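Each of the next two complexes has subunit A plus one other chain: subunit B in the first, subunit C in the second.
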Partner chain A sequence: MRKVEVMLPGCESLPDVIQDISPDLDSYYLVKRLPVVELVKEEFVKEILRKGHFTGISVGTRVDNHTVVAVLPSGHLILSVDKDLYQELGLSGKPSKYTGRNATRFVVEIDLFNANHSNGKKQYNRVLWSLKDRLNLTFNFIFSWEPINEEKVNFMQLTRLWDKYVLEDLSIVSHTIQKTQTTVVPKLSHNQSLVSTPGDGQDVSSIYEYIGTISCDANQSFVKSDALVPWAALTVHGFDDSPVSWWRKEHGFHKNGCNLYTILILPDDTYWLYMAIGTDDECP
Partner chain B sequence: MEGEFERIVLKSPQYHYMMVQLDLFGAKANFDSDLFKNLIMKALKGLHGDVGGSISVDIIRFEKKSLKSILRVPSIGLVKVWSALTLYSSHNDKPCHFKVSKVSPHLPSLSVNSRDFTSELLLEKV
Partner chain C sequence: MVKFHDLNIARVKDAVAQKHTLRIACRLGYEVVAVTTVLKNGDELTAAPPPIELQLTKEEQQNFQQLSRITVVLSDKTNNSYLGNDKIKSYDILAVQPTTEKSFQVACSELNVDLITFDFSTWLGFHLKHQYVQTALRLGKYFEFTYGPAIRDTTCRRYVFQNTTDFVQRKEGQNTIISSGAEWPTDLRAPYDVANLAILFGMKEGQAKSSLTSTPRALLLKAATRRLTVKSSITIGHVTSIPEKDKWKIEGSKPPSTDAGKRQNTDDHDEPKKKKSKKLKSN
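Coming up: the complex of A and B.
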């Protein structure tokens, strides 16, 4: 994720949990010029991928005109490539859903947990050959890794595996608390109609717009709202250039590549999940 | 109550939000949000005539220093506004242009641009 926002309307003093937030991001790293082949090697799959939640994405390349790669905790490596590169690559993939009849973009998905993805198997050798000997694709890659049940010692394994590459610690995440003076907060309750008559400021788009004005620090005078009722909103911003989004469905970038969600928690423990998707996205 | 939920799909958003920046190529100008809106309306009228002029554009945020702004545009007029901004090239006989950095139907998504992430990390190009 790119950024997380927590919004607590009508809250005078912040709860301690938020105040001294120091998310455990010890395993949030950037590795420069990493060849993709490192991500498919059996040793990496066995030592790292299978032993925790590894999520990674290439940065600095764009999903609408470059090559983008992502690794999911489910053991899938997803490569989104243009036509020329796809033909050079020699791995089977599917045409992208968003390029029309004459596909100019292809998505290659490699299941790293598949039984055939191991030393000596044909499929494994083919992938290795494509990504190493045929095309040596390299990326700047960011990843987070949470080992299951095991201590951080495991990380040493990763540094040993990737000792040729520069690993940069990104755990210093900036964290700001912003107090917004606002006189009005929309009143929310779980039984209200979310698609009420437009313009009364109580339908779901207006509420989302309200959250947006706060997060963009915008002028709020045009938002219609009501009495003060406590609720909380948590917004998580993903990457616009990710090749996948909800439930491993393809994600693209056309007019925008929105990839975020908001969880709005109401006092009676019900919640709303607002998934904002972009122009090249399938309804989750 | 477990597992009970209602799902709503909103397909045609009423508004789109645009993050734009006016570049005056170093020329000095004293803008406030009203003047900025006037400029946008001028651009709209210039390209699309009265039809363009009838689109209601709201300035929901304006930074005087950087001339960055977030506009709220009815989705139906988005293409007109976008094209008018793209083709607008001079202000008071001095060259200028609008940079559109992000467009989205979801306002919160404009608070961060993951495409700037690379410059934040000071990466060299691969």
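Coming up: the complex of A and C.
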């Protein structure tokens, strides 16, 4: 996730939970110019990947033009490459779903937890040969790591593994509180009509639009007024240029890379889940 | 999908403005950019000038490629015989801009050029006959629209829209690239916006994006075959000219180093390497 937004309408003072929010900061890092081969080496898989939740994604490259790589906690390394690189890479992959009949983009998936992915095995050697310095596959890589057992083994190992590369602590996860002066808040209840009735501005899609406008800091004058309505919305933004989204399904970028969801919580413990799906995205 | 291209940025005399335009293009997300020299009737032909120093950051520099392009303005009286000479070949792209129907016909059929471009910002003065366009497409030539004039001026905008929609509808946007033709940084737009503009010209979603990505790339490969190959199929280079990183590509053909080591030393360096250019039709 890239950003989390919490929206609390009609709330005079923020609850303490949100006020002193401090995400587990010491597990969010940026490595500069990391060769992909470092992510498939057995040592890394054994010491880091198997010992916790490791999620990582390359940043600064676009999923529709460049090569993008992601590592999932399930032990999958996903490479989204263009045709030129795919032909030189020497690893088998699937054509991307979003490039039409003549595929110009391919998705290569490597299962790092596979039994064959260990020293001495043919498959392992092949992967190492493909990703080694031959093709200049280096990325700026963002990752978060939460070790399963709380022993303090963890971070030192990583720095030892990657001591050649610049490791940057992204602890400055910024955290802003914005007070929006608005008296216009839609009224919601659990028996809200889920079907859109055009014009009343109270249906499900209008509410989502309302949340969107507040989040963009725009003028919201189209929703009917009713003050003092306690409900809350939590929006989680993903990365636009990620090669995967929902349940390891492929994610692409045509004109936008919508990759976010919103949970709307109503007072009677009813939850609404909104998921934004972009053009090049598969419905989960 | 490949990188975003803008294969027409005008070469202007003001060096500062030129640098600024190129830097803006880089920041907007274009990664391959061609600086165009226009050659009108009577102008003196010079070899391609070197790329302009831009003082980009190291990472920007890595991803940014600057090419040279020459656009020859054709009229009936132009002598076309020099289009194959070495000075022209020193440019990465050779484009022609026909101004009469006769020269359009010649450009489409006889001349060995990569790209046919038009001044769509005024009345063209002749009709783009379907038959000639088809000939050009069959010979693998490309067509170009420039959106820069449409941003500069309202009258131009009307002409640009009229001409391009007309052209796209009849030809369905095949082999067409879109470029800026920018003289000033303000003429440039970001790639996704240009793709949107292309939809207004009548192109389909996929075509609109590929007219900035894969079609220009195919054009560059075609231009490379015109300049660097024998009969558009073979290039010959010495093994030593291959960069260190690409050595693995020929290692498979080497004899195993143990017993045939001696033979290898004598043979390997004398034999020129033949490379077939496979990716001529990359689309």
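Convention: the second predicted complex is superposed on the first by the 274 of 284 C-alpha atoms of A that agree within 3 Å, B and C clash if a C-alpha of one lies under 4 Å from a C-alpha of the other, contacts with A are read in each partner's own complex, and residues count from 1 in each chain.
Criterion: a contact is a pair of C-beta atoms (placed from the backbone, for glycine too) under 8 Å apart; a residue touches a chain by one contact, two chains touch by 3 or more.
In this text, all values refer to a predicted model and were calculated from it rather than measured experimentally.
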item: Which partner, subunit B or subunit C, touches more subunit A residues; value: B
item: Touched partner set for A:205, first subunit B, second subunit C, both or neither; value: first
item: First (subunit B), second (subunit C), both or neither touched by A:105; value: second
item: Which of subunit B and subunit C A:213 touches, first, second, both or neither; value: first
item: First (subunit B), second (subunit C), both or neither touched by A:136; value: second
item: Contacts of A:255 with subunit B and subunit C, given as first, second, both or neither; value: both
item: Residues of subunit A contacting subunit B in one complex and subunit C in the other; value: 60, 62, 255
item: Subunit C - residues contacting subunit A, complex; value: 1-4, 29, 31, 59, 192, 195-196, 205-206, 209, 213-214, 245, 248, 279, 282-283
item: Sites on subunit A touched by subunit C in the complex; value: 60, 62, 64-66, 82-84, 99-100, 102, 104-105, 133-134, 136, 254-255
item: Residues of subunit B touching subunit A in the complex; value: 6, 8-10, 13-15, 17, 58-62, 70, 102-115, 117-118, 121, 123, 125-126
item: Subunit B contact footprint on subunit A (complex, rising order); value: 2-3, 5, 30, 32-33, 59-62, 138-140, 168, 170, 194-195, 198, 204-205, 208-209, 211-213, 215-219, 222, 235, 237-241, 255-256, 258, 260, 262, 276, 278, 283
